[in-house]
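The structures come next, written out as structure tokens.
Look at the two complexes coming up: chain A is in both, with chain B in one and chain C in the other.
And now, the complex of A and B:
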């Protein structure tokens, strides 16, 4: 049985789980409404109590929307941060905090980090299984854009192809990320440091010309300016990674003697197995090698616990709101008791009044839940836009099965709770009802 | 009389210590497996009643040459493969990596969200506290390792950090 279940496509499994969660409501509906046609009276009741119905639906929709939005947002953020790290297979840095190094190298949150020396870089670069080795030298900026020193090979790896212009070919040229407000041909002078404390005049005389623009990647690199690493070393008065006979062509190979150092190195091997082999080799006393994906997955695992808690809190909130709505519904049925009693006096069985009250409550719950789903998606879309604008990490929060499961479970649970006002209505004395 | 009491008290004091040593040696035997080139320490898996499980272990290459792990097998699963964790479009997944090279003199940690042996087609549920044997094939050698089953949500071997 379990083997059959595991063999099913994931989408089918999710659909079946959703159906299972909805089953109590469906079964209950079939039993309660069996033999009755409540729709004409139900719609008449809704029309008569239209404003009250709208208020009840809105309350349910807002509570469901908050829950759905939070969960969709958390997933969008998790996937967005992971996508931003997709291109960073293995990072090698000096021993220290992996999280600090990841934030600096992948998300461009600059930090003071020790440098990897030329000999170590050469060992990484000359490893037979390393396909791409590139320095990531950060620390300078232009306005809010970090200026990162690297190689043409890294730019190609990150952007695949430029949307405009050509690759930098000399120390005076630069490539701009898609969101950098500089066009091909524009010139700028870098500041030393990043943020408010950056020294604007520290590199006076050093000018770069933008020769190309990268496409939108949905990562913080959209706001970065990439320059030859030789230029970063040069403006800091250091050796430029090449000997006196250097022909001026930027990029590898670098000479260890003239390599001033880099805070981080991106490494891509010829296969995933080789990448793990490189990690084992360069995780030693002198360097640390880590997978940003692994660090993120561990952070996400911690967030996973929070997500479960959020899901439970969302359902509790929704149930509490629905309980309030049902309490309001009980008061409403008391107000309508004369009409319901008249209905019974005209010959309608008690179970019909029970079915009518229950179907009215469930109608409000289902419309509220469906509106809540839409509201949640809209809310998370708006929040995603705000997060993307602030962090440059493309966050796309969309509706997925977990939210649908929560809503399905919510409908079933509250349709059971809706039996209570229906039962109280049925139990009410007809004579007492007619007397008002 | 005093001498007899002294001997008796010494026995009471030392006997548990001998028992602890014995227990520790037994655990050490379980936790450590060696071939001519590799040491396998703290092999563990997670409790499951599903079809698949991951086995994690710390591997040390004690030689000055790269050593290749070509495969593994166990009587409790239809197939064993080496897998590596990889982010794919924002979601993590374990993908097969074929053979695994343990670099010369390096330590390789097969751990959650990294490398693992993936057992497919489990023939019996894995219960917390139980053990099973797995045979790792490496450069013509077959190394038997004892895999301890930890809790379903474990993130490391219960003796991780102990020296062997």
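And now, the complex of A and C:
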């Protein structure tokens, strides 16, 4: 039985769970409504109390929307940050905080970091299992765009192919990320440092020309300008990684003696196993080596805890709103009591009046929950847009099974609770309702 | 459907404060006679109709329809009795304003057993047409005039082909011509179809036509065979 379950495709499992959660409401509906046609009167009652009905639907929609939005947002954030770290298999940096190093090298939140020297870099680069080794030399900027020194191989790794132009070939050339407001042929002069601490004139005279543009990656690198690492060293008046007989072709191999250092190194191994081997080798007294994916997973676990707390709060809100909606429904049935009494005076079975009241409540609940689902996804979409605009990390709001499950459970739970006001209408005296 | 004889013995109906609203020591009504109830406002005429239809529970005494003891039935049984035997025209029509004339006339189809629904709908439509109203599905009854609504209420009372017709001021908002026509139709239900008809009315024309007039004063029946 369990084996059969696990053999099912995940989407089928999720669909079945959703159906299971909705089952109480469906069964209840089938039992309560059996043998009656409540629809014409249901719509008549809704029309009679149209504004109150809208207020109830809105209340339910907002509370469900908050729950749904929270879940969708957290997932979008988690997936977005993970996607942005996809290309960064292993980072080697000088010992210190892994999170700081990750924020700087992967998400380009620059901070002052000690450098890795030429010898160490050479050791990494010449490791037989290392397929791609590239310096990530951040620290300079142009306007809001970080200017990062690296190698043509890294650009290819990051962008796969350029949307426009060609790779930088000399120290005066640069590649712009998709969201950098520079086009092929534009020139710019970098500043030392980033943000408020940037020294505009520190690199006076250093000029780059954009030769290519990267495609949109949905990562902070969309806002970055990539230049040959030799150029970064050059504008700081340092050696440029190559000896005096250098032919001017940028990129590896670098000579350890002329290698001024880099705050971080990206390493990609030839296999997953080798990646772990490299991590073990370079996580030593002189360097630290870490997987951004692992650090991120730890952060996400932390976020998961927060999410759980938030979900509890969201559930409490939903329950409170449901309770107030039920209280409201009792008031509403009082407003409708003349109509309900009339039905009973005409001889309608008690079960019919009960079914009508219940379907009225469930109608509002289902419409509210469905609007809440839409509202939650829309809110999450808006927040995701804002986050993407601010961080350049592509955060996507999607509708997925967990929130569908929550809404299905919500509908079932509240449709059971809705039996209560329906029962209460049965207790009222017909004659009192008629004389209204 | 043939009517049912009504028999009342020692009936008392009390209001909320324990005040006696209606006292009927003894009363019999045969089917096939057009019975009219009259009396001053507040005398207890509506209360009488509510009691004999089982809408209002009795405080003491017995109400029998044929061999069915209405006064001893519980709520669901009295509802079933009304559903199956009684057509009631309420004093202020009490329509579902948001439903069409047809929706109101055939409302019993919504909760009737499936095999009776089509019959209720066609009789409802027939009655509306007979009363000079078309079964316009799209116009809600809230937009009809007082007299038209009264006729919708009558069509609703007759749609399920009841054995007993209880009408509370059925001609109150009609002009002379329409009132007379409706009065004729109602009396005919009793005289030609043998049903039981009890109509509360202030209309002297109806009093004159009735087979029997019952006076209620201060909650007490003063029967006077016409």
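Assume the second predicted complex is superposed on the first by the 436 of 436 C-alpha atoms of A that agree within 3 Å, B and C clash if a C-alpha of one lies under 4 Å from a C-alpha of the other, contacts with A are read in each partner's own complex, and residues count from 1 in each chain.
Note that in this section contacts are C-beta pairs under 8 Å (C-beta built on N, C-alpha and C of every residue); 3 or more make two chains touch, one makes a residue touch a chain.
In this text, all values refer to a predicted model and were calculated from it rather than measured experimentally.
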item	value
Clash or fit (per the criteria above) of chain B with chain C on chain A	fit
Contacts of A:276 with chain B and chain C, given as first, second, both or neither	first
Which superposed partner A:381 touches (first chain B, second chain C, both, neither)	neither
A:430 touches, of chain B and chain C: first, second, both or neither?	second
Touching partner for A:78 - first (chain B), second (chain C), both, neither	first
Chain B versus chain C as contact partner of A:401, first or second or both or neither	neither
Which superposed partner A:86 touches (first chain B, second chain C, both, neither)	first
Which of chain B and chain C A:258 touches, first, second, both or neither	neither
Minimal inter-chain CA distance - chain C and chain B, angstrom	51
Intersection of the chain A residues that touch chain B with those that touch chain C	none
Of all residues in chain A, those that touch chain C in their complex	35-38, 40-41, 43-45, 47-48, 338-339, 342-350, 352, 430-431, 434
In the complex, chain B residues that touch chain A	49-51, 66, 82, 84-87, 89-92, 95, 97-103, 106-108, 113-115
Complex contacts: residues of chain C adjacent to chain A	50, 53, 55-56, 75-76, 79-84, 86, 88, 90, 94, 96-99, 103, 107-111, 113-114, 156
Complex contacts: residues of chain A adjacent to chain B	2-3, 6, 78-80, 82-83, 85-86, 271-277, 280-281, 283-284, 291, 293-294, 296-298, 300-301
